[in-house]
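Okay, got some structures for you below.
First chain A sits with chain B, and in the next complex the same chain sits with chain C.
Up next is the complex of A and B:
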C-alpha cells in the first residue's frame, strides 16, 4: 500500500490530459465524470512537487510519432487539433475503458492504475497492446519505481509504453549497428548523428549498453566532435589504452577512477584543490617526470618519439600551440614509419587505435590544445579514409605525406599568409603591443622590421612563465626597439600604443579567443583605451566549440609556480604555507577573451571580424580538415 | 630643525612608504614643528601657518607622489585656521560671556576623541555664530569670516598679558587637534572595518589585489563576525604583496586562493565583490592605487562586479588629477621585472646611436577613474565617488590647496 501511494502523482497529470480531450468527443457526458473524479483524487493526493510531464523532455522519435497518428504534443491544448486527430468511433470504447479504470482505482491495482494513466488519451488498441506486456512481465515490487519512471516517460512520449519500448530498442539496436558500421568506415559524422538518440534516454533496461557507450568516449556526441581519442579505437581497442576525453570532467569520481587504472603516468592529486576547478585535473607537479622516466623501459606500446614529445610537454620544453602541434605530428610520423600491421588486423583500424593510445599518453602528459585536437582529428580521418586495398607501405607513405602537408599548409604557409596580412596593418611610427610570446606575431614584427617599417614594440609579460622575456630578447637582437613591462602596467603603457597584436591558442565559434591567460586583460584594456586589437591565429586552430567564460574549460599549471617568484629570492612569503588547507594556489593557463574586445582576426583566409569564425569553420573547416 | 631634514631624507629615499605611515609621521613632525614655533605677540596664527607651510612644502617636494604628506600638511593648516577662528571668536565674545565659552571648551574636550579637530572647530563656530539669515544680515561689522589679517587685527587690540595666554592657548589647541588627527589616522582601520558586516555577507567571494592593511582589517572584521567567505588574492606584481596578504588571511582561517594578476579577467566572473585599498583618493573621486588596479576595475565593470575602495580619510587628496598615470606616478627599478645579468647583452648602448633598444617600464601606481568605482568606504562611512568633493571641503580649507609659497609673500 505504501509503495503504491507514490505512484499516484505520476498519474495525475495524465488524467488531467484526458479531461482536455473528452469535451469534443460525442458521448463524453458519461465518461467525463470519472476523469474528473480521478483528477480530483490525484490532485488531492499528489504533492505539488510530483513528477510532472513537463520535467521529462519527451523523446521525440520521428518514427514513433509517425506510427501513432493520435500523438499529441504535450503543450497543445487546442481542441480542434484533437478533434482532427481522434476519430469519433473511439469514444464508446474509451468510456468503457474509463469504467474499468474506475474499478482499478477502487481495487488499488497498482499496475493497472499506472496503465490507466498512460493509456488515458490513447486509442483502445494501443491500450490493449500495452496492457499485455505489463501484465506479462509482472515485475517484482522493487522494480516498481523504475517502472514508474518508465511509464511516465512513455506517457510523455504519447504512444503507449510497450510498443514504444520495443520500437526504441529496435531503433537503438539499429542505431548501434549503424554506428558500428559507421565506425568501421570511420565516418564520424554518421556516429555523431546516431549517438544522441542513444545517450538521451538512459533507461534501466538498456543500462549496460548505455554505460558502455558513455565511458568509451562521449566524443561521439554532437557536442564533442573533437575526440582525439576517437571512437575508432574505442570499440575494438578495449584492451588498448583508451584515451580520456580532452574535456573530461574530473569531478566525476567513477570516470576518474577508471582513468587512473589505465593511466601510464602516475599522478598524485594536488592536496589543496581549487574548489571552482574540480572539474579539471589538479595534479601534483614535479612528480610525474621522474616517475615517467623510470618507466621508460617498461612501456612498450608507446613509441619512443611519442614518449620523448610527451616528456617535453611535461617539462614545458615545448610550449605554444604551433610548436606542440608540430612536435606531436612529427612524432606520429615516426610512429607511422615504424608501424607494421599485425597479422589478422587491418591497418585502418589498428593504426587508428595505435595513434589513439599515443594521444592518450600525450594527454596524460599535458592536456591537448585545440590545435593538436584538430590535427589529431585530421590524422584519424586520413587513416580511416584510406582505401582498404592499399599495401602497408603505400598507406604509410600516404599518411606521412598527409602529415607533412598538414604541417606545411596549415601551419607554415598559413603563418606566412598571416604575416603578410598583419604587416599591412603596421604603419610607420606605430607602437605595437603584444602579450606573451606568440610565434606568429613575432614573425610579423620580424618581417615588418625586415621591410624597413619604423615601429616600436611593447612586450607585456606575466607571471609565472615570463615568456615575453624570450620574445623581448629575440626582438632586441633583431634591432627592434622594445619596451618591456608586466601585465599590471598595461594601462600605463596603453596610452602610447597604437595597435595590439595578440596570439591565440584557439578561436571558438562564438568568436571567443581562447588564449594564454592575461590575453583577455590586455584586450580589455586596449578596448577601454580605444586601441585596435588584432588577434593572429591560423585557421586550423578554429573550433566549433563555444565558451563564455574561462572556468568551464581550462588548464591548470603547477600551483607551486605561484608561491615561488622566479628570480626574486627575497620574496618567500608563502614558503611553508603551501600546505595550509585554507590556502589554494591557482595557476590558470588560459582565458577566454570575449569577441567584442577583438577588432579583427588575422587568419590566412584574410582579416575577419570575430563573428565570421563560424563561417570559416563551416566553409573551410570541414572541407579542408576532414578530407 | 634636524628631524625635518631627517624625515625629508627618508621620504626622498623612499624609506617610508605607505600612506598610513607617512601620514602619521608627517602629523607627528608637524606637531613638533608647531610646538617649536616661537609665537610672536602679533599675528600668531599666521606665524604658525607660515612655519607649517614652509616645512610642508619641503616635505611635499621630497616625495610628490606620496600624496598623504600633502594631505596631512593641508589638514594641519586647516586645523590652525579653524582653531584660530574659534579662539578669536571665543576671545571676541568671551569678554562678555566668558563662562559660556569656557563651557564650550569643556564640552569640546570631553567629546574630543570622537570628533575630528575640524568638526570641533566647526561645532564651536556654529554654536557661536549660528548660520542663519539673521546673523548674516545683522553681523555686518563683526568679522564673521575672519581672514588671516583680520584675526591678527583683532588680537592686536588687546593687552599684552592677554595676548600671551591667547598665544599659548592657540598653540595648545592646535597641538591638541593634531593629536586628535593622529588618533584619527590610527583609528581609521577600526572605523572602516566596523562597516564590514554591512557589506560582506555569507558565502561571498571577494577579490582583492596586492596588500592593503585597510582591506586586511576589513576582511578580518567580517571574519570575526562569523561570516564565512572566500577571498581571491591577486598577487600584485611586481611587489607580490598579495602573497603577504594571503598569508595573513590564512592565519585567520579565511579560505584564500592566490591567483596571478593575469588571471583576474578569468576569475572575476565568479566574484561577488572587489575590495581594494588605495594610495590616494583624488578630489574628482578617482583613485591612485597600486599598479594593476585599473585593469581590475575595468574587468569588474565588464562583469558588473561592485568595485569597492576602502581608505582612511587621510588618503583624501584635495587635488584634481591631471594625467595622473604619468604625473602622479613613479617608475621603479627594472630589476623587479628582469634580471640584469640575463639581459646585459641586450643593453648595448653604442650600437644604435646611443639610444638603448630596450626599455623596461615599471610603474608603481595606476589611476582608476571615478566612473569605475562603485563605492568608497572611509572612516566616515560609505560614499559615492561623486560625493568626494564634499568630504574634501570638510577636511581642507580652500586657501591651502596650493601649498607653494609665493616667494615674496613669506614674511
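Up next is the complex of A and C:
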C-alpha cells in the first residue's frame, strides 16, 4: 500500500473516546463510578475475558493507570498521556476541540459579513434567516411565494425552537385548534351574512394556516432577534459573534433598489423570470458591457486590473472555477502592489475595505463561485492577521507571497495530486465518460495517455455553452480516442462506460456536489447503470454550507441563449417573445448532485467518500491554513 | 483497437492462443507474473516470492485455519522455506542494513507461529523488535531502517491487506510525534519503543475489546448468520455464550476451503446451537436470521470491507431483506485503499477443487475475496468503538493526512 497523502507532522494528540468510557471527571468520581467487583478484577490483573460487558472502564488517570498496569483503555491510536508527559486532565479532549472550532466559525461569520455586504455572499445561512426579510418587507411578492416562504419558515422554526418552548406540543396544538375553530366560525358567520364569490373561497381557507404558521414563528421568541436589520449588525463589534448576514434576495424590491443606487455596473433586469427563481439576480445580457466601457475613466475606486477581470467575467472570457479564482487573485495581487495606506488609516483595516469594494464590483459582474469565496476569505484572514508594526512594504510583500502560495499550493499542486490519484483508477481498456470541460479531468486524461494507458473517452456536452467541444479538440489533438455526444444520449452511451469522471464547482458538507448544470443528470444515469462516479475537486472548493436542492442558491444565465439556436435561422419561433408575459425562460447554470450518486471524491488529500467532506473542512479548512 | 465494451478484455482472453492458467493476469500482469530469470535479484530481497499462482494470503489463511485441501500447500511452504533459507544465506554476506531486514522476517515468523495471533499483530510485534534492536544513531537512520523493515514485511505477502495496513499504521502511529525533535536520540528512541509496545498491546487486546463492545447487539433468542472463519467473530460469540446468552448461529459452508465447517465445530464445542448451510442457501435462510456477522480481511477507506468470497452476496441478500450486517474487524485492518468495484482489487487467488475433473476450455474463477460496498454494511465493531462505515475514512484521515 502506498502512502497517497504527503506526510505531515501532526501537532497534538487527538483523544477519541468511544465505547463505555466515562468522561474525565477526576479521581473522586472515578473511584465511585467503577463497580467494586470490576475494580477488584482489574486490580488483580485477571485476564480480560472475565470483563463483564456492562463494566465501565475507569477514566484515564495516572493513579488508576499505575494501580493496574495491565489495563488499557479503548481508544484510537492516541499517544498516551503519560508518554507525552502531560496530565490527562489537560490533554485536548474532543470537546475542547469543538470549542476551538466554534470560535473559528464565529470569526468566519465576521469575515463573511464584511464580504457579502453588497450581496450574493457565500456564507452558510439557515433557510429561515434567508427567508425572513422577504416575508417582512416585500409587498409586491406574489401570493404563492409568500405562502411558500411562510410554510418553510414555519417548518424551520418548529424544530429549532422546540426546546425553548414552555408549552408542550399538545398544548400548542390545542391552542391552534381553538384558533382554527374560531376562524372557521368567523368565516361561516361571514358566509351567512354576506355573499362571497366562489373564486375567493380558497383564500380564506389558506389564510388561517398562514396565520398560525406566523404565530408559531413569532412565538418561538429566541429566533426573532436573530433576524438582523443592517444597521444593528453594523453596530456590533467585529470581535463579537455577529448573526449571519442574510443572503441577498433579489425578489425583495427595496433591497434591490438600494443595491442599484450603489451599483457601478448599470444593469437592467430581465422581465419575465421563472417564479421559483425570482430570488436570484437575472439581468438582460449585452447591456452592461458598453455602459461599463464608457465609464472606464470615471471609475476611480476600482483598480484597472480588477476592472479588466470583471469585464472578462462579464463577457464569459474567463470561465471555470480555477481559472476565475486565479484571475481574481492575480488582480488582487496587483491591487495590493499599487496600494498605499492613506494618512491616518491603518493598512489592515483600509486594505480590507478596499478588497471588499473590489469583491463587490466582481459580484456585480458575475456572482462569486464558492472557490472564489473561499479564496477571498483566506485573503481577508491574512490581511486582518497582519501584525500592526509591519511597514507597508513588508505587509504588501507578505500578502503577495501569501496569494502566490495559495495559488500554488491550493490550486496548482493540488490538481497535480488529484491527477496522480485519479490516474490510479484508470485501467487498460477503460471507457471513461466526462461532462462539460472540467480542467482537472482533462489533465487526468492527458496524464493517463502520457503514461501509455489504453483507454477511450466519451465527452458528453450540452447546449448552450458547448464547452465539451474545446475539451474534445484538445483530447483528440493528443491522440486520445474520443466519442462526442450530447447529454440527450447519455443513457444510450452509459452502458459501455466503465468510469465517469466529473468536475465540481464546489462540494458542500453534506456531500452534495454543486456543479455545471447537467452533472446531476449524468451522475444519476451512471448510478442507475452501476458505473462508478468519480468527482475530482480540489479541497479549497469545499464549503461547510448544506444544500439540498439547486433552487436556493444558483446562478441564472442569459435566457436568450436557450431561446436562440445558433446556425438555425429557420428556428425563429421564439423571436420577440422574450417580452411575452406568458413565457418564462430558465437558463440555470448549476445543479446539485446528491451524494448518493457519487462513488468517490478525488481530492489532493486522497480518495474520500463524500461523507468525509466535513472532516476535511474541520481539519484542513481555509481557516486552518497557515495559522 | 477498440471494442464495443469493456468485456473485450474477457474476449481477448478467450481468443488468447496461449492459454494462461491465471485468468486475471491480463489485468494485473505485473502482480502475478511467474518469476522470470530477471527477478532472481528480487528474490534475495523478497523472502517469499510466490512460485505458484496461489497467493501467500491464502497460504497463511490455510495455515491458520488448518485447512489443507491438497499437497499444493506443502509444496508452496517448502518453496517458501527454501527461499527464506536462501535469502538468509545471501543476506549474511550483505550489508548490515540488509541484516535488519531479514531479522524482522525472523521475528515475524516467530510471532506468526503463535496460534492465536493475527498475522498483522505479528508484523506489529516484529516492527517493535526492529526499533528495540536497532543500532541506528540518528532518528533519520532509524526511520529508514523501520521503513525498510516494513517494506520487507509487506513484500512477504503483497496480497494481504491487513499486513500492509498494519505496517503503515504502525509507522504512522509510532513516528508521529512532534516532541521527538526536541529530545536527544536515546530519549526519543525510548519513547518510540514505548509507543510501539503500546500499539502492540492495543492490537493484542483488540479482539477482547471488540467482543466486549458488541455484546449489546446480541440479545437472547436471536439468530445470527456468519460467513467464513473469523477469529474476531468467534471471540464475540464466545463471550456472548459465556454470558449465558441464548442464541442460534447459522454457518455457511464456506466453499472451497470449508471454513464454515471448522467454525461450526468450534461453536458446537462451546455449546451454541449451530446449523450449517451450503453457501447457496443464504437467501433461503435469511428470513429467519436476525443479523449477519462477518469478519474482514481489510476495511477500506470508503467504509466497505474486503473479505472472503461470498460476503458481498450475503450482504446484498441481508440488505434486501432489511437485516443488519455487522462487521467485526480490528482497527489495524484499516487500509488506505478505495476500490470502486470488484475488479479494482489485487486478486488473491486460491485453488478450488470441484471433485470432478474440470472440462477442458472451461475457466475457473479463483479469486479468494470480494469487496462489499459500505451501503450494505450497518455497523463496524472495531477496537476504536462501534463505528458507522463513514467513520472509517474519518479515522484514516486523522491518522494519515
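We take it that the second predicted complex is superposed on the first by the 370 of 627 C-alpha atoms of A that agree within 3 Å, B and C clash if a C-alpha of one lies under 4 Å from a C-alpha of the other, contacts with A are read in each partner's own complex, and residues count from 1 in each chain.
Here is the rule we use: contacts are C-beta pairs under 8 Å (C-beta built on N, C-alpha and C of every residue); 3 or more make two chains touch, one makes a residue touch a chain.
Every value quoted in this text rests on a predicted model; they were computed, and no experiment measured them.
Q: Could you look at A:562 and tell me whether it touches chain B, chain C, both or neither (first, second, both, neither)?
A: In the superposition, A:562 touches chain B alone.
Q: For A:308, decide between first (touching chain B), second (touching chain C), both and neither.
A: neither
Q: Could you look at A:608 and tell me whether it touches chain B, chain C, both or neither (first, second, both, neither)?
A: second
Q: Touching A:496, do we find chain B (first), chain C (second), both, or neither?
A: Second partner only, chain C.
Q: For A:481, select first, second, both or neither according to whether it touches chain B, chain C, the two together, or no partner.
A: After superposing on A, A:481 lies in contact with both chain B and chain C.
Q: In the superposed arrangement, which partner chain does A:400 touch: chain B (first), chain C (second), both, or neither?
A: A:400: touches no partner chain.
Q: Can A:341 be said to touch chain B (first), chain C (second), both, or neither?
A: Neither partner.
Q: For A:439 in the superposed arrangement: first (chain B), second (chain C), both or neither?
A: Neither partner.
Q: On chain A, which stretch or stretches are contacted by chain B in one complex as well as by chain C in the other?
A: 481, 495
Q: Can you check the complex and tell me which residues of chain B touch chain A?
A: Of all residues in chain B, those touching chain A are 235-238, 240, 243-244, 246-247, 249-250, 253-267, 269-270, 291-292, 294-295, 298-299, 302, 325-326, 329, 334, 336-339, 342-343, 346, 352, 357-363, 366.
Q: What does chain C use to touch chain A in their complex?
A: Contact set of chain C toward chain A: 2-6, 8-9, 27, 154, 161, 164-165, 168-169, 172-173, 176-179, 191, 194-195, 198-199, 201-202, 205, 208-209, 212-213, 215-216, 239, 242-243, 301-303, 331, 335-338, 340-341, 343-344, 374, 383-386, 390, 393-395, 397-401.
Q: If you look only at chain A, which of its residues touch chain B in the complex?
A: 274, 276, 461-464, 469, 472-473, 476-477, 479-493, 495, 517-518, 520-521, 524-525, 528, 549-551, 554, 562-563, 565, 567-568, 571, 573-574, 577, 580, 582-588, 590-592, 594
Q: Which of the residues in chain A come into contact with chain C in the complex?
A: 1, 3-5, 8-12, 14, 16, 18-20, 48-49, 51-53, 72, 74-77, 79-80, 83-85, 425, 427-431, 456, 481, 495-496, 498-499, 532, 534, 599-600, 605-609, 611-612, 615-616, 619-620
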